Every structure is written in structure tokens, then in C-alpha cells.
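Look for chain A in each of the two complexes below; its partner is chain B in the first and chain C in the second.
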Partner chain A sequence: MVALDIPRLAGEREAQARLTLFVLAAALALAMLLSLSHGASGVSLWSLTLGDAMPARDRLILWEIRLPRMLTGVLVGASLAVAGAVMQGLFRNPLADPGLVGVGAGAGLGAVLAIVLGGLAPLWVAQTLGYHLVPLAAFLGGWASTLVLYRVATRAGRTSVATMLLAGIALGALAGAVTGLLVYIADDRQLRDLTFWGLGSLGGASWPKLMAAGPVMLLALLAAPFLARGLNGLALGEAAAHHIGLPVQRVKSVAILTVAAATGAAVAVAGGIGFIGIVVPHLLRLATGPDHRYLLVNAGLAGATLLLLADLIARSIIAPAELPIGIVTATLGAPVFLWILLRRRGVVDL
Partner chain B sequence: MTSLRNRAMERVQAGAAALVLVTALASGAQAEDGPRRVVAAGGSAAEIVFALGQGDRLIARDTTSSYPEAVLALPDVGYVRSLSAENLIAMDPDLILAEHDAGPPETIEILAHAGVPLVTLPEARTPADVLAKISVTAQALGVPEAGAALAARTQAELDAAATAAASLPIRPRVLFVLSMQGGRILAAGTETSAAAMIAMAGGVNAVTDLSGYKPLTDEAAIAAAPDVILVMDRGGDLAIETDQLLAHPALGLTPAGQAGRVLRMDGLYLLGFGPRTGAAALELNRALRGGLAEQG
Partner chain C sequence: MLTAEDIRVSLGKVEVLHGVSAQAQAGEVTVIVGPNGSGKTTLLRALTGDVPYQGRVILNGQDCAGLSAWELAAVRGVLPQAAVLAFPFTVAEVVRLGLTSARHSGRGDLVARALAAVDLAGLAARLYQELSGGQQARVQLARVLVQVWEPMVDGLPRWLLLDEPVASLDIAHQLGVVALMRDYARKGGGVVAVLHDLNLTAMAADRVWLMDQGRLTGQGPVAEVLTDAALERAYGCRFRVGCLPPAGGWFALPQAAGPV
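Take a look at the complex of A and B:
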């Protein structure tokens, strides 16, 4: 009886996961439409469908402001959530977060360096990069810290996940200290810039930025589903995964690369947006189980939807001013997460 | 030869006629007095618009605009360095008056793209800069006469302040403290608006080996040996209590700390470099003079 129950349960879960996937995809489509059609200027999408003569101003708001912002929101939200899910699968630890492996800290350090010391850069740097200096520095920072960690944790072709986690914490502390030092010497205006950057925003979204960071995020997102089988295998433990014939080392390398690319690029365009990476995968695991074949895709859809909705709130709640989006994601998300944990306490032991 | 000259004359006349026509068209379109829906991004921008008597043209302001009080009733478009493009466009402004550091650059770029007229005021650290700001604002609003009058008034006040500054018997050393978070002194070094203001009032900035607003070590604070400590009068977390300054181990040892000479002035008044700059410099000068008299 019990033996018969297990496959049936698994089948139910799979059906539920598939249903969730459809619901999430629909929700994302709806959020994308909302994001495009809602805004302070009252330009609506319906005027597009009515065709012809759209005033130049409205067209500009749709194409130059809302569309790049919406696409950036989708990619950043999906990247953060997927990076979180991959990280948690890789470390077999529900607390893992891109912040832990030092990617977030490295990216943050890059941004702070650019904000505080950007004025000291040679003139040609300022002239060629302009205001792309901060995002670029954030991306390079995240990338560099991942490479360092990977080298530290890899020995004779094998990457020790535990060593990487520990080294990530150490690197995070180091990056935090250097960031602190820079904050100490920053002036009043730079401090304001740092604060706003740290809370994240999609406000700076533009086509050039999206063109630079978008492909990196897209590549990472497309690569993630191929990790599903590998991460499911890793859940059994590395030795077991090896015995069932998984290329364990390759899975780990690709996973780390994916996380670095997704997080680095997301932090670079939108600043530090917390909460999405750790909470979205958890909610989905509670809802549809730990199977990465569904978890990764669902996390991407849910992360994108949540970030778009948070951005809608951020840009309208104190209009004509704008709230940093990190404030919205944390204020709304954290209590909901706590409530769900409370309700599910005893049912699922994380 | 004559025909050439005639043709040249004709061209000049035609040009002049076109110019008159354009001016007439422009003034006709704008009900002969320039933009009517103005957004001020930066404290001194709003202040100058009001000083020009054009306050009723403002439809919104940024967080740093706080003077005169009437400006606070306007919708707030956020911090001057994190403006939102769509929200600004949605207000349908026909002019955005921005201080030099308004941003972020992406927003400014999109506004330019959208054809929203944006006038950037020059960065001001000297009396001449203040006058330039007034003239740029008056030009943008299409009220050059009011601009000239305000500039003349401001010039007179700045001149009075300069005379008063020159007549100080001794130039007192002034330490401007921006904040005291966690007991850490954040002081104005060279190349700050505070340093410029202190010089205009006839004082000497006590910190000369740092540029910008920088944290000061206790020893550097003692070495700065200020005769007067100057702070901004503001509430909330950033408020600096006089007791806190005097109880500070290093500041308490300086001449200013020993004599308890702490001056407070409103931040925008003191550092805004708007039309009230002359008055602010004069007020600071008087306070410094009072301190000197007390010192004997």
C-alpha cells in the first residue's frame, strides 16, 4: 500500500508542478502587460492596439522608458531567483544565496569602488564608459570574486563545495571591510549614491544597459534548466551522484558559472535587490517540491513576476518620486515568507 | 559694389525681420511670459524662482527644495540625484530647472530625448556663480527684467558682505561640521561650499589639508584649532547638539570648544548659493565679529 502510494504522490506532485508552471507563466505575462501599460504618465497599451497616430511623447515613454525597464525587470528578477535556486541545489543548503558565495559582495565592492573612486580614474575611462562605469565595475567585481573562490576551492580538478562556501564567507567579509573603508572616505553626495545603489532600482534601465547586461543574464537563464538533472543527482550527495553516472565536476562548474553570470549582471544593472534569491525558490519548494526540473523554470517565472510587481509599487506609491525597489521587495516579501513558514511549520522541515 | 552692399543689407534686414517674427511667435505661443509648468530640481533653483516672484509657475520640486515655505506644498519628485523620467514627463512640465548635479544621467538623457526643456544651472561657489545662476534662471523663465533686478539686489548684498568680510580685524578659524554620527566628525575641507561660504564671511576654513567633506581624526580636529564651530540647523538623526560638540574629547580642547562658540545656520541658507547667499555671508560675518569681540 505504502509502496504504491509513493509513485502516485510523485505523479501528483508532478502534475501540480506542471500546473504551477502554467499559472506562473500566465502571471508573468500579466505582470509584463501591467508593467508596460501602467505608469505615471497615463499612457496605456490600448492606444498601441488602436494602431496609428500615437503621439511621439507616448511612443517614447513606451519604447524608451517602460519597455527596457520591463525587460530589465524580467531578466533581473528571473536571474536572482534562478541563481538562488541553483546555489541552494549546489550547496544542498537552503540558506545558500549568491550573497554567500561572495558574488554579491564582490559585485557590491566593484560598484562602491566605482562610485567613490570613479573620479580618480583616467579621463579616457570616464569618457568611454561614462555612467556605465558603475555597472561594469559591479559585474567585474562579481566575476573576479567567483574566479578567486573557484580557484581556492578546486584542487586536482575537483571543486569542494564546502571549501567554496567557507571561502565565500571569508571573501564576503573582506569585501565588506574594503567597502566599509570606502564608505568611510566617501563624501556626502557619494554616500547618498551608495545608499540608493544598495537598495536597488530599475529606474536606470535603458536600452544600452540592457544590451550590455541582458545577453549575459539570458545565457545564464537558458543554461540553468540543463542543470536540473545534475542538481537533482547532487541532492543525493556527491558520491551517490557520481555512482549514478553524473559528470559531477562539470555540473558544479557550470552551476557556479551560471550563478556568477546571473548575479553579476543582475546586480550590475539594478543594484542590490535582496530577498528574491532566497525566498522565491523556498516558496516554490514548499508548493511543488524540490525537483529541479520544475523548480528552476518556476523560480525564473516567479522571480520575474515578483520583481515586476514590486517595481510597479516602487514607481507609483510615492509618485512623482520613486522608492528604491529593495525596500518594496523586503517589506512585502519578508512578512509573507515568515507567515508561510509559520503555517507550514511541522509539515515541512527545511 | 553697391548692389553687393544692398544685398547684404537686405539679408540683414530679412534676418532681423525673421528674428522679430520668431520672438513674436514664441511670446505669442507662451502667452508672452515663458514657461508656465516648471519643475525645480535642486534647492537653489526653487529659491531663485520664488525670489524672481515667479513661484506660481512651479508645479513640483525635489526633496532638497525647502525654501520658501510655499515650495513645500508642491509635489515632491524625489531626491535630486535619483529622479524618475516617466514621473517627470507625466507632470507635463514645459521647463525643468536643474542644479548641476541632478540625475541620474539616464533620466536626463531620456528627458532630452523626450524634448522636455531642461536648463541646468551652473555650479556655484563664488558670488559671480550666484549671479550666473540667477541670470540663467531668469532667462529660462523669460523674465530678464526681474532677473536683472534680483541680480542687482543680490550683488549689493554680496558686496556688503565682502566689505564686511574685509573689515574683520582678525580672520577667525572656522570649522564646519557636517555631521557627528557616532561621535565621528565629518568636516568641510577645501573645495566645499562651506569653505567658500566661510571665506566670503571673512573667516578661514580650519581644515586645509583635506578636500571635500571628510571625517576628521581627533588629533586633526585639535590641530585645526578652530575659533568657531559652525553647524547646520537641522532636525532628525543628523541634528548636532551643542552639548555633543562641546563634550567631544577633541573639539572640547579647541579654542572654540573652550569658549563654547558654536554657530548654527540653516543648511540651504548657508550652503545653497542662491539669492540669500549675500545675506547669509553677512549674518555669518556678524556672528564671527561677535565671537571676536567676546574673545577680546
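Take a look at the complex of A and C:
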């Protein structure tokens, strides 16, 4: 009886997780189509069927505006959700989110530094890095803040949530202060670039930016599934993870790099978009359990879909003007986050 | 064989283990006993590499310091004193984590057998966080068991290193864990466990290490090491040890303090 019971049970959650994967993949495909076919200009995908008879303006809008924007949305949404899931696994806590604990702010600071002070860099730096400068700086900012956060909040293999959140507040404040200082000395053109960080938007998406930040996000997304076994083991604590045979130090380093790369590149192209990283993994854990072998992939698919839908709302609700997408995700995400806290009350002591 | 050579451990500036050398044999259950703060757990944590130490720990002829996590996990399972778990995994999922680095056949079956061995067969589908403390402790033990399920592999013994495996268990399950340790040793594996209960120790152990103030004050068979005098010295209270007929079961009876 026992022997029959367990495979069935194990199979149940796994089957559910696999089914979810297919549903989410289908949803993402649908969202991608919607994102391509809707927009202020009223150009429809149908004009693609016209072939050569397609108006040049339509072609331009589809290829130069909507396609890079859609692809950026997919990568940014997936990166934010996966970075959240990896960070929560690393910190062994469902409340860890790059946006909440200062990693997003650190990445933002890196980006702002690059925008404002990038002109001061030697010419060869500007020439070699070009569009890569801002994503690279954002990655370094995210990496440094993740590292500091992990050092401060983790002692003897255990992470203190209170310390993590407080350290996150401190990091966020520090990054905010320096960012404020930079805004103060920025010129008008830089200021316009900077405003964009505060709220987050896919409006600035373009092929060159996508080409610069896209590969970084793609790399992080491809690396994440390899962390699944390690993050599952880390749920037992660092010591026990070591004793079941995991290279704990390597898992931690790769996880921190993955979070920094995904968050940094996402922030570099789209600014501060909140709550995707915390809400998506949490809902998926409720639906199909915490096994990272499925969680990480599903989070990527769901994050991409959600961000595309949020972007659709952002650009259609007051069309032809558009809302910053950060406003949409915060409006939808913050209440869900509060609901998570409410449910966990009594279960977790902060 | 598991050999500790001149193990010294310092926490901060204070040395808490002052050069412990001891041996545990495969095919035997070795129990570390001693009063609170005597260094039992610190010694075990040095053997498992969880605290930095000076000296050498030799496992099956190899210095543990030179082995990777993967190599160590293949020959020894470690049960920590305080078991933590993040995220709502089910009991079966937690036990399966023990198979992370395993190379054996019949993996699905192993999880069920390990859960049956710790008397949790019916709870495989439950969420770990919903269980009682004693049940959680048994889930963790099952996780360690699946990792080194076969006590002998390729002629080499495997090891269970258990820090207070019976701490939060009721008496029936304490006896169950004792039986489990005995069974593992009988099949050729090695077991080193920290226990508090001297009578349980007598039932479980082929060999005891008596710790007192960071030093090993005795090692050997129960009846030789745990004498009235040795226990009195270590624990600071009077004991009467003896054997119960007919089977000759060893017991230690602490004497209430008061006029002699």
C-alpha cells in the first residue's frame, strides 16, 4: 500500500506542474500575439498578410516598435519573475524580492551612474561598450547589492528576514540618496532618461537596447534551471545542503550572479518594475508546490505573460498616451502582496 | 573506521574542544554522551565539518578535509540537531532531497521504505510544516537514511552521523530509532550518535565516548566506561549503575541529591 501511495502522490504534484507549464506556454504565445497586434497606431497583424502590399508605415511600426517592445517585455517579465524565484530560494524566504530588498535599487543606481557619468568615461570605454554600458553598470550595481545583502542577512546558514528587509531598506535608501544626487547634477536630456527609472516602462524599447541587454537576460534565464536542484537542497539550510552532496558555495555564487544579471539587465532596459518577482513565484508555489525544477521555468513563462498583459493595459487605458508600466504592476501587485502577508501572519515571525 | 585525531575547536577566542582523539568502528554503534556543554555536539559537528577545527578526521582511510561535498555525501549521512525547512514541501519531497547526489537503483521505492522505517508511511502526502516536531525529526531522519540506505557499498562501510536523533521523540519512537541504528550497524555500516539518555545509550551503543569539559574522558564498551565514579565525575551527581537479570540489561539510576 505504501509503495503504491508515494509514486502516485509524487506524480500528482509533478503532473500538475507539467500541465501548468503547457498552459503558461500557451498563454504566453497568446499574450505575444496580442502585444504585437494592439497599439495606439491601430496597425493590425492582418497587414502582414498583405505581403509586399503592406504599407511601409505599418511595417515600420511592427518591426521597429512593436516587435522589440514585445520581445523586451517577454525577457524583462521572465527575468524579474525568475530573479525573484531564485532569490527567494537562495534566501530560503518567500518574501525576498530583488525589488523589495534593494537589489533593484542597486541596479538602478548603476544604470543612473552610467547615464549621468558615462560621458566622463574615457572615449575607448564608450566606444567599446556603447549600449552595453548601462546594462553592465546595472548588473554590477545589482551584483554588489545582492552580495552585501547576503553577507549581512545570513549567518551560519540561516537568513534572518528582519535583517534582510532592514538591510534592504538601508541599501535602497543609500542607492536612492546617490541617485538623487546624480539627478541634481544631471542635464535636461539625462533627466528625461532618469525619470524613466523611477516608474518603469517598456516605452523606450528598441533593437539596440534589446541587443545590449537581451543576451544578459537570456543567459540568466538559461542558467536558472540548472540551479533547481541546488535551491531545492538549500531549503534544508546550508549545512544540510552540503551534507546531501551539493556544492553549496557554487550554487550560492551562481544564484547571486543570476539574480544580479537578470535584475540588472531588466532594470537597465525597463526601469523599476515592481512586484512581478514576488507575486508570480508565490502564486505558482500555491498552485504546484515549491519544487524549483518546475517553479523556475513556470515563473519565467508566467512573468513574461503578466508583463505583456500589464504593458497592454498601460498603453491602452489612456491611449494614445501611455501609463508607465510600473504603475500598473504596482496597482495590481501590491494588494496581492498584502494578501500574501495577511495569509502568512502567524506562520512566519519577522 | 572513523578516526578523530587531536581535534581542537575554538568558538571565538575560547577553545571548547581540547584535543580529542577517538575511534569509531564500522559495524558498531558509537554513542557520544556527556553533560550539557561538555562538547558532544561540537565534537560531532567537527566530525561532520560543520565547525572549523584543527586536527584530522579520517573516514574510511581518507582525510575528510580533502573530499568534496559529493564524495562525502556518498559515504555518510548527517542529521543536524535543529532541522529547518523553507517552503511547503511534502514529506515525500523532503525525503527525496536525500537522493540528490545518490547513485542507486529503485529510488522511488527507497523513499517509501525509509518513511516506513521511521513509522511515517501514511504521511507521505502531508506538508512537512503541518507535522509535529517529533514527526518532522523523523522525516529528517528518513531523508538521511535514503541518502546512505545501503550500509555497505563496494566493500566499504557507510556512516550515519546523528546529532540527538531522539531529542523530540516519544519513548516508542526513541526505541524505534535505537533499533534502526542497531540494524544499520549489524549490516556493516557505522553509526555515531549524540544521545542524552544514558539508559537508551546502553541499549544502542557498542562503544561510548564520554565527554567532559571539552575532553574525552573515556571510550570503550558501556560497562567499562560508564562506571559510578566516571558518571559522578562528569555529571556531578551520584549514580548507581547495574545490570538487570535475566538478560543483564545495563542501567544507570541517578540518585536524588541529599544526605548520604
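We take it that the second predicted complex is superposed on the first by the 238 of 350 C-alpha atoms of A that agree within 3 Å, B and C clash if a C-alpha of one lies under 4 Å from a C-alpha of the other, contacts with A are read in each partner's own complex, and residues count from 1 in each chain.
Please note the rule applied: a contact is a pair of C-beta atoms (placed from the backbone, for glycine too) under 8 Å apart; a residue touches a chain by one contact, two chains touch by 3 or more.
None of these values were measured; they are calculated from a predicted model.
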Which superposed partner A:D193 touches (first chain B, second chain C, both, neither): first
Touched partner set for A:P94, first chain B, second chain C, both or neither: second
Touching partner for A:L342 - first (chain B), second (chain C), both, neither: neither
Which of chain B and chain C A:G289 touches, first, second, both or neither: second
Sites on chain C touched by chain A in the complex: 48-50, 68-70, 72-74, 76-78, 80, 83-90, 92-94, 96-98, 100-101, 108-109, 111-112, 115-116, 121, 124-125, 129, 143, 147
Chain A residues touching chain C - in the complex, by the definition given at the top: 2-3, 5-7, 9-10, 13, 92-94, 158, 229, 232-237, 239-240, 242-248, 285, 289-291, 347
Footprint of chain A on chain B - complex, ascending: 60, 63, 75-79, 81-82, 84-91, 101, 104-107, 109-110, 113-115, 178, 186, 212-215
Sites on chain A touched by chain B in the complex: 39-42, 56-57, 60-61, 64-66, 130-131, 184-185, 187-189, 192-193, 196, 201, 203-206, 209, 315, 318-322
